[in-house]
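Two complexes are shown next, each including chain A; its partner changes from chain B in the first to chain C in the second.
So, the complex of A and B:
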């Protein structure tokens, strides 16, 4: 009950945030965004023809009316048809978002779980050689550009001059075996890069917790070292970890997939966004930007509710 | 004071490596604790009293700290050099510690019940239900009202005094032979201090444990201890039974500490005597007596030589001073 009340209140307080985000994206991407008038007109148009087209496109409407139209589109999830393919935008997203999720999810989950495991090890052996090894690996992952990692992994695992185990590009998935074939290399690349950032962050959170008084108390009562980490420390560390994990969700769904999908030729929402930006496909852009804003508000709500579940000192009122 | 000592510390040296050199926080400290008695470890901040307590439980953070030499025997068993795994099994069961900061000593994200049940199950092999019943009984014993409800609360829902009682209950839970209480009442307000202290004394007698009480508060020592060690700069300055220590302190430092205690009935506007000067830096200790700088009885020998404890090792009263009172 408490959680429900809080969620509703929190959702209500997310409305100004949504308005702000949509306003800015409207200003940049719609009002000052791509103008299609001349693409739709023939050569040497008359002033009447121009005015007619602009009226059709709604460009002649006042600013606030156009913004209200945009808000209505976000609220009803009705963004019209894509300019370039003519497909209904909701259909387009409904087709591509699942692909992106399937592509990104394994890397996201593995990247966080492995990082947590490595961070626990590093924190346990802090300033001794296992810690130094893990940190060296993690800094390496952080320092190499994502692009280089993707290309290198494609060469190593997929090309004929490397191991040649997996297809280089594409997404021809009809069975689980095919899914594994296409998802492995992108996942490896994502995990390699994510491990770098995540491990460093998680390690510092855990080390800080290990220095707290309650850990000394636990040691003074004979808690074994492994149990100390997974029971007495991990739960305390979850707040910063949750914050980080949940807030990367909207990012990876939309923009995180962009690079991977472009380089592996996978028809996900990142690829669609990229194409929409390059061709000025306004309906698609409006949808992607609006949905990202909604996802961020939801992510924030989720974080706060998870805080409450983890730390009894957090009050939701 | 009879029979074999429960705890026997001999020539304990604890060192910490710092950026500026190695610091000897505890320097050849020796003492015994017998069954059913409370020994006070008294001194200013940084005199090595807490480090001594931590060393007994093997909780010196390493690195930077380590037990450089000496011996700690618990019920005849040598603890120095014991593998961490072995030592760990003694903690909480054979010896337990009560910490200074009840506000931070408990884990904030678990209920006090789950923290107590954890220890009881690990050492006593109880089922969850039995351990819970035992925990409730212990909470009642340390004077927590409505323990059956309190057990499911989180540390932040309890006051400082209540939390310290919980830590005491945890320490008692496996009938340890020895309890090291590190400033157990310092962080509490004055009225709570008295109650918690009374509780500790009562339980120590009821459970017939040996206890080391680490404190800077001579008043606390007078109320609870049978014997006390006065420490200064990592060394024992004086050790004696409580009554003679308070009536006839022999070390000038002990005398100074006693004089600086406020007394009821003292003239209101009379300034409280203080010990002049500062504690020397542990990185830059004088060659002679460490208290010489601040001592009224100092002479040339005090600056040259480091005084050792006088008398026989087992004599009840020993002092490390060339010119005792």
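So, the complex of A and C:
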């Protein structure tokens, strides 16, 4: 009951955030985004045809009327049709979000789990060669552009001039074996880059925890290192870890992985979002922005509830 | 890949869950990739890569070559182009033959082939595709004059067909007849023109004129743009921004190939194995896959992998690696062993045009300033170094030509003076000096482009050329636009003094490029120069109603000279596209004019 009451309160408090995000983003779309009129014109348009397209796109309506329509669309989850392809936006997202999830989840899970393991190892051997080695690897992962990593991995693992083990690109997935074929190289690239950022973050959190009195006391009582790291350190580090992990989820669900999808020709929501931004396809953009804002509110709620689950001292009142 | 097999043999509930979600994601489409090239479970699969994807598959929005590749294979058009003839030659397609044309060339009576059916689709009663009739052609053309469809092709027929513009004015009511566009019976269409329109049949070969069933448009509404229901050789299986899959239309009409009638030339095309399709009815492949790969290196990697894309054009950055000679174009042996190639000049060109509405460079209230502006325009054009541009950005294999009649059309004049495309720094400096232009009084010249590195490099090269003639670099400024839509808006609103763009021909007739400088087509129309010249416009109007003839060619050429005399444009360069395809593919690929009409004839070696 306490959780339910808290959830309702938290959701209600998320409404101003939702209004703020949608208002600012819509303002940017309308006044600074691409004007799609000129993408939808033929080669030799007349002023009359330009006016017709503007009316079709709703550009001739006052801003506040259009914003009110947007709020109604968010409330009803009915964003209409894409201005480019004509596809229903809900169908478009329903088709592309699962692809992005399937693509990103392995990298997301592995990137976090491996980073935690490496961070524990580095923290345990702080200032010794395993720590220095892991940190050097992390800095390398952080320093190389994601795009370069993608290109290098594609050449190494997929191209005829490299190992040629995996498809260069595409997403023709109908079985688990095919899934592994298509997801492996993007996952390797994602993990390589994610490990850099995640390991450094987790290591600093763990090192801070290792310096606390209760850990020193446990160590003095002879608690074995593995048990110490798991029970006394990792459990107490969960709050920043949960925060980082949960707040990444909305980005994965909605924004996808633009670079990976574009470069590997994977029809996920990241590519759709990028196309919508560059063409000014407002129905798609409105849906992506609106749903991302909603997911962030939900992520905030989930984070608070998980805080309580891992640390009973946290109050939901 | 042994480890993958082991993984797939695991039998766990988690694996079952994942497989269930995979099935939900993948749909029921049979697998068509990563097996031996061209075959998949016994299917003949051809994978065609392109650098961009179409945004919509609704024929009224078929404004680019990417959409046309798909559309003319999903739909029928009344006319088409011969598969192998160059220059391009029209042929009847859905039309049963050539039209009957009245003596005044105003009335075209076109008979349709009987027994042609749309594909089966839920939009039809019982889901069974019905026969294509003349009323469908009428309906399909009317859609271009219905603002609700957001049409992009109306300019092809605007002011040309009796009553069509009035039909739009009256509210685009499809149940209302158009006097000049009538179905006389199920298999006879009559088009009555306002004035002679020699390019009419070419317009009826465009993706824009694809014949659609009204039932499908009404059934799918806005989603018609992703659900083509046509009578073409292929039918859509799936569509997304990375890939389009089409399967052979099993009910496509039987029309055996006559290679001679398709313009086959054994001397130049004999090596491609095209004789194998002689006498057989297309389509020959079971599945046609379009792969949209924007990044050139990814496209190249996919093509050279061997079991993925079977066709690509050579990216500019690979030209030196792949070619052993540029003049003539030949491949290095390691590539010639594996791939067929065909080098063709594009049906279009790159050019840069002055916008005369800018008083700093064009029309000016002060006649003396206007005269000096012309000298300034001429000087800048003289500074343009076409060979350098060709070498830097087009692999040195493009064709530089004077004027706006490109080499691909029959009206091209190979003997036209090349002065307008020959760099003359001394002449440019002299022109500036003689007309009182100095570093201090030269106006700021804005070079507008979409934001990317290549365009930035083009700007820097241009600025360096201008510096050579005494134009201060700080007065040549770059203005970048985030998207093509943004820069298109700037062009249409005549905001930029110097318009850098390319033009792809819609049909193989120089009229299609000459209209770029016709006064009434000024902004927001296609005449970005906003030039209005009485002689040029009169010649255009005179030629626009003439059938191809030496007289019309002479008029076209005079217009071309007139445009050059006025220093309106630094023009032009037609790029050379080198098409590469795997040797198991029997085809002669092409992407010019409409684009993609060769795909119907692609076959794969067994």
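Simple rule for what comes next: the second predicted complex is superposed on the first by the 281 of 317 C-alpha atoms of A that agree within 3 Å, B and C clash if a C-alpha of one lies under 4 Å from a C-alpha of the other, contacts with A are read in each partner's own complex, and residues count from 1 in each chain.
Here is the rule we go by: contacts are C-beta pairs under 8 Å (C-beta built on N, C-alpha and C of every residue); 3 or more make two chains touch, one makes a residue touch a chain.
Here the structure is a predicted model, which means the values were calculated and not measured.
In the superposed pair of complexes, A:220 makes contact with chain B only, with no contact to chain C.
Number of chain A residues touched is higher for C, counting chain B against chain C.
By the touch criterion defined above, A:62 reaches neither chain B nor chain C. In the superposed model, A:181 makes contact with chain C only, not with chain B. Shared contact residues on chain A (touching chain B in one structure, chain C in the other): none found.
Against chain A, in their complex, chain C makes its touches with residues 1, 4-5, 7-8, 15, 18-19, 21-26, 29-34, 55-58, 61, 63, 147-148, 150-155, 158, 221-226, 240-243, 291-295, 297-298, 301-302, 304-306, 308, 482-486, 488-489, 492, 506, 515, 521, 524-526. Interface of chain B with chain A (complex): residues 57, 59, 63, 88-93, 96-97, 99, 101, 104-110, 118-119, 122-123, 154, 156, 167, 170.
Note for the complex: chain A touches chain C at residues 34-47, 49-50, 52-53, 55-56, 81, 84-88, 95-96, 98-99, 102, 151, 154-155, 158-161, 164-165, 167-181, 261-267, 271-272, 275, 278-280. Against chain B, in their complex, chain A makes its touches with residues 127, 212-214, 216-224, 232, 235-236, 310-313.
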